């Protein structure tokens, strides 16, 4: 058995590591630093499900999680359109919540890390879909505003194992900042829609 | 004491190619340290390249050269075993030099 | 101080110089210039003629402005110097190289660029100046590695 | 040794217009990386590291010259190519930095606290660990990467690394796979290797540790793990801990067989 293992490292081992093992390792090997406290290593129900299923949860489990996450989204009353210029700055920046960020200081959205937005920005990521022209295609109506606000606040309400952070629920972005990002995506004057 | 330098001089097809690495912060005087204090200007200003003791290239450079500078020069002629010397001096008067034989 | 040093070097016997004592003086005025024009004036260049005989080999997009590799070759016979200027840098003149007998007018170096800018290479030969220009875009990178 | 490449002069007169497409942009960025890699200051760190290797340090005033990196006391050549591996004297799997730390404690008589007080340096002051890593890694250039995979603890470390790689946690719900899970993706302009796959892992195994041009620092895989977890908004992993060594082992085993050509160059 040992010999087989040695020459075939890419097959599954009998020495498999359980979720409990990983939890114990994280609790032992990681330590709190700055605002990154140890409660962050504890998985919630969603994180457990996505880890166990390699981000492919069974449909019913996904539905139940998505419904649960949808309940966390509290839409502010009135217009959800903020200022796209401030939104562009929030989309460009990548600060917030790390152990060397100042606790309480405003965070950014890290949007360009994963998405293409304003076409003039050449340095954009591709983990998420391109959002260039998003408002041109979707319009800037109330439904579009609600969808974008909700998606930024808690992307998991739409796809249980989305790789996009729950930027509102996690306390990363404020209501005002999310509105500014809604404007960046939907405002006809935003460079995203030019 | 200045950090290390490294040089390689190679002869091929009638030319000697010289590549030299220098350890130097090349501070612009505009960068702040983690405590928010400006880091004073500190950068190499002059460099000479000599072949067997005779200057073939001399350079004046600014803080606009990247940290840990790397330069390549080319000399017509030269021969294996010739001595190449590269020396620098910075705005604080610190200096360093290295020599090696053409390979 | 520089002038005193230069004077001292002038009177000392060349045979006893340590390598760095043969170093040239530093053109404070040119390197302190805040515009490309002022820098050029300070190194004695006016009305440089655009040319294809000075080649700038550099990427059109630099992933990081802290290190922008640039390689310059002058094919103009009798080239005695090459200056490198990044127009939008706070101090545009980055370097000036003087080539003596035996040197090929060629240099490769890494420069800093604060933002997207034209980079110029100015070659001097036979009392005339020639310029090549290339725009280099500076971008924001990922998380490094 | 300086990797010297002949410069190409013919190209420079061409292509003076701005890149028109994403394809051109990609090509230009590759050209940028190639040109930067031609003159890597990584070699300056190798020189520093060699001096540190030979310098007596700690309460016992000992150098690293009797440090056993797995090939016998003092053998540097080829040692990096066989790491991480199981060490019986410590009864655990160690990567290069874990082993250097072990030598600091057992040979030089330094405490764990002192040995890890400053493991990640700055541009102004590289850490001892970084310079030593540059030196030791450079002595494996050209040799195939063959991390240990025969001891049960080596297999356990690999499995722990695999499990950590997909483990989602923290306020942003990230796992390694959030960025390094799908091929062809990038953050900003940085391509993201899928480290569970041999093709991508080989490039990593062959080139780390490396000089990072954006910060003028020499960076190691321990630094990479640390900074990834920072950006995942997680608490800090212990330096050379079982968790970080397991991840490094997972990546290196996935990329094994490739000749080492580092220390490399990173953006």
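As written, the chains take the letters A, B, C and D, and residue 1 is the first residue of each chain.
Here, contacts are C-beta pairs under 8 Å (C-beta built on N, C-alpha and C of every residue); 3 or more make two chains touch, one makes a residue touch a chain.
As the structure is a prediction and not an experimental result, all values here were calculated from the model.
S.K.: State the pair with the higher C-beta contact count; candidates are A-C and B-D.
M.R.: B-D is joined by more C-beta pairs in contact.
S.K.: Take the average of all CA coordinates in chain A, do the same for chain B, and state the distance between these two points in whole angstrom.
M.R.: 47
S.K.: Using Cα averages as centroids, what's the distance between chain B and chain D in whole Å?
M.R.: Each chain reduced to its C-alpha mean, chain B and chain D end up 28 Å apart.
S.K.: Between chain C and chain D, what is the gap in Å from one C-alpha centre to the other?
M.R.: From the centre of chain C to the centre of chain D is 35 Å.
S.K.: In chain D, what residues contact two or more other chains?
M.R.: 7, 25, 39, 186-189, 192, 213, 216, 231
S.K.: Please set out, as single numbers or ranges, the residues of chain B touching at least two other chains.
M.R.: As it turns out, chain B has residues touching two or more other chains at 66-67, 70, 72.
S.K.: Two-or-more-chain contact residues of chain A, please, as numbers and ranges.
M.R.: As it turns out, chain A has residues touching two or more other chains at 112-113, 122-123, 125.
S.K.: Which pairs of chains touch one another in this structure?
M.R.: Touching chain pairs, listed by label, come out as A-C, A-D, B-C, B-D, C-D.
S.K.: Would you pull the chain A residues touching chain D in the complex into a rising list?
M.R.: Listed in rising order, the residues are 2, 5-6, 9-10, 13, 15-17, 21-22, 25-26, 28-33, 36-38, 40-43, 46-47, 50-51, 54-55, 97-100, 112-114, 122-127, 156, 163, 165-166, 170-172.
S.K.: Can you check the complex and tell me which residues of chain D touch chain A?
M.R.: My answer: residues 25, 149-150, 152, 155-156, 158-160, 162-164, 166-175, 177-179, 181-182, 184-189, 192, 198, 229-231, 233-238, 241-244, 246, 253-254.
S.K.: For chain C, which residues count as touching chain B in their complex?
M.R.: 18-20, 22-27, 31, 66-68, 71, 86, 89-91, 93-104, 106-112
S.K.: In their shared complex, at which residues does chain A touch chain C?
M.R.: 92, 112-113, 122-123, 125
S.K.: Taking the complex as given, what residues does chain D use to touch chain B?
M.R.: Going by the criterion above, the answer is residues 1-2, 4, 7, 39-41, 43-44, 47-48, 123-124, 213, 216.
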